[in-house]
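Presented sequentially are two complexes of chain A, the first with chain B as partner and the second with chain C.
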Partner chain A sequence: MSAPVLTEEPGAPATASPGIGTRLLRGVLPYVLALVLAFVVSGIVIVALGYDVVGAYRTILTTSFRTGFGFTETLTKWVPLTLLALGFTIPLAVNRFNIGGEGQLLVGATAAAGVGIVHADLPAAVLLPLVIVAGVLSGALWAGIAAFLMGRFRVNEILSTVLLNFVSFQVLDYVATEVWSDPAAGVAATQRVGAGALLPDVGGPPGVHAGILLAVLVTLVTIVVTRRTAAGFELRAAGTNPRAAGINGIRVEKVAVLALITGGALGGLAGALEVSGVHGRALEGMQSNFLLIGIIVGLIARGSALWVPVVAFGIAILEVGASSMQRTVGVPAEMVLIIEALILIFLLLSDVIAGRLARRAA
Partner chain B sequence: MTEFASLAQLTVVAMVPFLLASLGTMLGGLAGVFSVSQEGVMLLGASVGFLVSYGTGSSVLGILLAAGIGGVFGFALGWATTVLRLDQFVVGLALFFAATGLAGLLYRIVIGQSATTPRVDTLPRLEIPLLSDIPLLGRALFAQNLLVYLAALLAVGLWFYLYRTRSGLDLRSVGENPKAADSLGIPVARTRLWTTTAGGALMGVAGAFLPLVFTATYTDTIIGGRGWLAIALTFFGGWRPQFIVAGALFFAAMDVVALRAEVSGIDVPSQVLLVVPYVATLLVMIFAFRWAKVPQFLGRNYDRESRTA
Partner chain C sequence: MSGPAPAAPAGSAVPGSPRPLTMSGISKSFGSVRALSDADFELAPGEVHGLVGGNGAGKTTLMNVLYGLYRPDAGEVHVDGREVTIRSPRDAIGLGIGMVHQHLLQVSTYSVVENVVLGTSGGSGGLRQAARRITELSDRFGLAVDPRARTDRLSVGARQRVEILKVLYRGARVLILDEPTTNLTPQEVDALFASLREIVAEGTSVVFISHKAREVLAICGRISVMRDGRRIATVPRASTDATGLASLMVGELAGERTSEVAAALGVGEVASAAAAEEPVASTPDGPALLSVSGVVAHNDHGVAALHGLDLEVWAGEVLGVAGVAGNGQVELAEVLAGVRPVRQGSVRVGGSELAGAPTRRWLSAGVAYVPEDRHRDGILGAATVTDNLLLGAQRDRAYRRGGMIDWRRVREHARDTIDRYSIKTPGPDAPAGNLSGGNIQRLVLARAFDREPSVLVLQNPTRGLDLRSARFVYDRVRDARDRGCAVVLISEDLDELSLLADRMVVLYSGEVVGERRRGHYDAYELGRLMAGLREDA
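Take a look at the complex of A and B:
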């Protein structure tokens, strides 16, 4: 299990740097192929089901841009998607799979809501940072459980992070029904947080909550840290060649533990921003399917922090379009999850093809 | 029926999805392919099994088709990791997403928006005469549905095949040291392909078991983490059928205890009881990962031309 997860084919020629043509072939071609194939295959399915495929695709692709509201919604979705995707890709750089973004988000949201309710009277300048820090810390702590089990007892992190998701559902449920419940909400939900815990909108109207600025900042920091600092180098070294890294004094296990905790912190941040910026409370189902899509985003971006925000934006467009498609054309919104999975699968397949073409050309 | 006897019967029923999914995971894993798509394939099996049974009235057909679609996903995993040598975890996750999406989509297409929740008949119990009259455990062991018996036979059969036949030894050697196996003429790719396919089929049946035996209805949350728990169970069982059976008993008991305690109104928040299976699994894994003898090449692809592996 030590082989790097997302690197080029080992058989690729290592001599000289490849020409621009080859680089294009290997860089862009797989994405184009994957997108086209995924939409063609899904289109065939949509037609076979007897729906209007042109209408369906037009709705999926244009909803985000037709109205200000659609665009706002897309940006709002972009925030948790990007944060969860980064929370997945940072541990992935050390070949650790964080499948616990859902739990980290929910626990972060629960803690954020708790702080926002208990200290509802504090002014925003104090309360808002407190709420966000509470979310970040509890997300980190939640992932920390899995990180501890992994570092100390070698418990597989895929399993521990996933199982903690199921525990987090009950944590939120308990808090939302027994501690600060709001019976009028219809679903299990906490009371609303104080006004000082709410994020203001930027831009608009309609505006996006200011958490997006924080998400952009976090993304930039992640890009710089992973690509331009010693810590980022250790992270990548520990991932690409753990043995060589270990010999050169990098403590691979420690790096992995820290990476997983950092991933959890980002999940917790996503939860806090959902509370402060979107719902004003923590509630059942607020995690939506962000975990699955976040992982898809991370994998399509091949673990690159630079590409995660771009891919996340594309996927957010699909997601916003999906619910609109269900309303207007009648195609079930699940179709979009299949399109996304197909993009990923075809991307993996075309990697293989592009790799073989490049090798033949060389 | 005494309280104990009914609990025992419930536990044996609850074992089956764990057992089937875990044996499926084990089968592919012993040949070196680590699947992480259980949760999705089980959901798809549940959806297909439910819908076919709902449409045709035949739960047997539902189970067979659930096995078929699970087998397709298992084959896809095997093919992508042997022929294309793609990363096992990434492909596994991709298949997990695809299966999850497909499961929900199929249900929405066939059932659509419906005011009443569609239901199917659950599998009938087959009581074995005389044996089912044994006190205490008789009904738990000998008054169950067909799949319970099949799962038990499968566990025994797999144990015999893997540890008492030449072919089973060959299979295990592929997961331990594919290069050595290859040099002995054992077809590495073919072994991995059939084990992942069969393993996927078992996961599909494990999923179909839930609507066709437990709930009689389908929901998107019906699997409830059992697919992930099955992976934990496979490690817990040390990748050996006999211990997986014992582990499944533990996992099922956790399931049943959590449900029972809730019904009986013990003064504990229901949320605490509902996390019992997951927390217990986390704790158990601390020990499981110490003693589990994991196939050496688990999760790694085999490239005949590579010099390092």
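Take a look at the complex of A and C:
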């Protein structure tokens, strides 16, 4: 059906622009509502399960700030969450879904650990950059498989990235049990990397591994590139309207391939930082549920590189609070995942409702 | 142009019986824009009722309200004297109201019968019974179509007949046709009108939406004129003429170039009027600026749509490409814009070969493209006007500073462009998709001209535009030609082509089947070429 031609005159102003206060309210309101509703509904579930809801929520929200360790742990979680969320949102800007973050993280971690083990004797000034570059490159390469299949044969990138996750489990498993295995670890884990591959702490005590600085830098670069450079402009254009972008000389498929590879590089970086900053090795299960939560972060931030770090911080608070809640109040930590999912669902719902209201008001 | 035979206006109101349809006090706003304000409309049994007005006058919106596609903010609809609320097309169909849209909504892989019964309960007897009824209806009303043919194999004219049959099959007593002649050859228009006369003779009423005064005068018994979202007059055919109708539609005609008004409103002898206004261009000499030879290109389904096409366009010339939609126009436009791969043959601009080169190379060779579907191909709807004006030039040195886009410079340029092209927008940061069709086209043209093109390719550049915006496009096309641009104007509007083209070729089935120079344009002769009748036939 043809879109209605709204104006006779070449364009009466389409909509009167509302005041900045109204705009801010309209922007923030859905978030506040979604948060409140998510906590209310989860509260009902917690009560129904027979737990102390006030205690549970107090623990969730305050753990990160009561102790230095809580805060350190929050920042430590913030790093992979932010990186995986950006790894998801960058391809998302061209309408491609990178669901392979955990595979990219694991492969990146495996490569980083490998370099850290093989060249364990090198000094930190040489080894640390090598370890991180190895992680980034192998993450990019891993996503590059899916990107190549997508660009060359139009293989759906959702399928290929998800399936590559399963392959990555086997890669890590093989390396951790056959190549550089550490039988004493109790789980499938590699040997420890050399001392030169470990990131020093900053701040504290207790400090946070210096990888956080790198994550902050990467976030800033992502923001600047997407907003200020021709590459970022082309990324947005290709995502907003691929046909119009193509007609105006942008090679949409190439942009998408590069975006997916970039996403993989960020996943690989997250893996390398987990090895160098947290575990000192690659081990089974190190991907935690960073991918899932990273996607939630990216979606709650609505794909904006500016909001991803902020949302990731909020989610990291919940995540850290969750394990503490399980210890103190007995509510299963998974409850927090329910809260996060509900925030996202209510946010999406409020979009629909706000759209309806705007249409009715109009 | 001799125009359709002036047959007696079809259908006249039968006095006494209840009105099949009255609408009153209908208002509808989209955002802060009032599309309809207190509009009314009344239909008599067995009449063809013309609904005319410039673009944005509210014709289609009013009928979309009637068909249940929009809910009115206020107003009443009565069918056969009973007040009704129409919430959806299903309600409308239940009340005997059917609509054929400008863009045909069909499942292209279904057969005609399947498309016709789609959405009905099917009835007893299945498809064979349905096919028999369709054949009967098509015989009765002269709507020739094979019920078993696959829809995507049919011409646009035939697909439109399918839509009309679909409405009749469901027993509609009110048939709404939205700009039904847009994609038809003059001959097909005549056939459509003959069918409409048969249809109203059996008591069905027809609403004929158009902005072409000439067609409305040829078929309608009464004509309602809309302007600014309300009906401003209803006149019987007998008491008006093209000029009278045109002045009702536009408001006043003072100061407008008559041939342009005529082209935009379709009121008569455009070709001769245009020819009288402008001298025939002299035959160009020297090598052509744009030369296309032996080009083969595929459509979106991988089937050859251009079969060894040759074209030459000289600098300072407007080449018109006429033809019925679906004969390779889209493919030709996209080949010339460097968007669609050239399977065979060559496209040279100023001597350098561009076939096979990426789109960016075509752009830097000076090719600018104004696509047919502005919303889909022309703009980033969700992005700002500024972004859209930058699109394609984002890597230009003029807009770079320290490896980044110099947004201050870009904004300055955008504001300046908005001024120069009179783009009506709430601001440079407003989403381009919210602009009206005319302003989107201004934006697209502004961007095209920013590149100082040497080859300009336009497809149906005034479709859906109001008179003022259409004039703006015409002026820009002439500017481009005068500046030495080679212009290719691909259009389904013979009036528009007659007005602008120095030379016209007819595209049929992916080949050029005829060429005429300015001064030798005859609508019926061109119509025969467009229908695929070779010159020697």
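Quick note on the criterion: the second predicted complex is superposed on the first by the 335 of 362 C-alpha atoms of A that agree within 3 Å, B and C clash if a C-alpha of one lies under 4 Å from a C-alpha of the other, contacts with A are read in each partner's own complex, and residues count from 1 in each chain.
Here is the rule we go by: a contact is a pair of C-beta atoms (placed from the backbone, for glycine too) under 8 Å apart; a residue touches a chain by one contact, two chains touch by 3 or more.
Since the model is a prediction, treat every value here as computed from it, not as a measurement.
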| Looking at the overlay, what does A:L349 touch: chain B (first), chain C (second), both, or neither? | first
| said: Once chain A of both complexes is superposed, is A:L130 in touch with chain B (first), chain C (second), both, or neither? | reply: neither
| request: State whether A:L29 touches chain B only (first), chain C only (second), both chains, or neither. | output: neither
| query | So, A:N248: does it touch chain B (first), chain C (second), both, or neither? | reply | second
| task | Would you sort A:I296 into first (chain B), second (chain C), both or neither based on which partner it touches? | result | first
| message | Just to be sure I read the superposition right, which of the two partners does A:A230 touch: chain B = first, chain C = second, or both, or neither? | response | second
| said: Just to be sure I read the superposition right, which of the two partners does A:F153 touch: chain B = first, chain C = second, or both, or neither? | reply: first
| query | Counting only touches as set out at the top, which of chain B and chain C does A:A185 meet: first, second, both, neither? | reply | neither
| task | On the superposed three-chain arrangement, identify whether chain B or chain C touches more chain A residues. | result | B
| request: Could you list which residues of chain A make contact with chain B in one structure and with chain C in the other? | output: 1, 3, 5-6, 10-11
| remark: In the complex, chain C touches chain A at residues 29-33, 35, 54-57, 60-61, 64, 69-70, 101-103, 105, 178, 227-229, 337, 339, 358-360, 362-363, 369, 371, 375-383, 387, 390-392, 394-395, 400, 403-405, 407, 422-427, 430, 434-439, 442, 447, 464, 466, 468-469
| Sites on chain B touched by chain A in the complex | 36, 80, 84-87, 89-91, 93-95, 97-98, 100-102, 104-105, 108-109, 224-225, 228-229, 231-232, 235, 269, 271-272, 274-275, 278-279, 281-282, 285-286, 289-290, 298-300, 303, 305-306
| field | chain C-facing residues of chain A, complex | value | 1-17, 224, 228-230, 233-234, 236-237, 240-241, 243-251, 362
| Can you list the residues on chain A that touch chain B in the complex? | 1, 3, 5-6, 10-11, 49, 97, 145, 149, 153-156, 158-160, 162-167, 170-171, 173-174, 178, 292, 295-296, 299, 332, 334-338, 340-342, 344-345, 348-349, 351-352
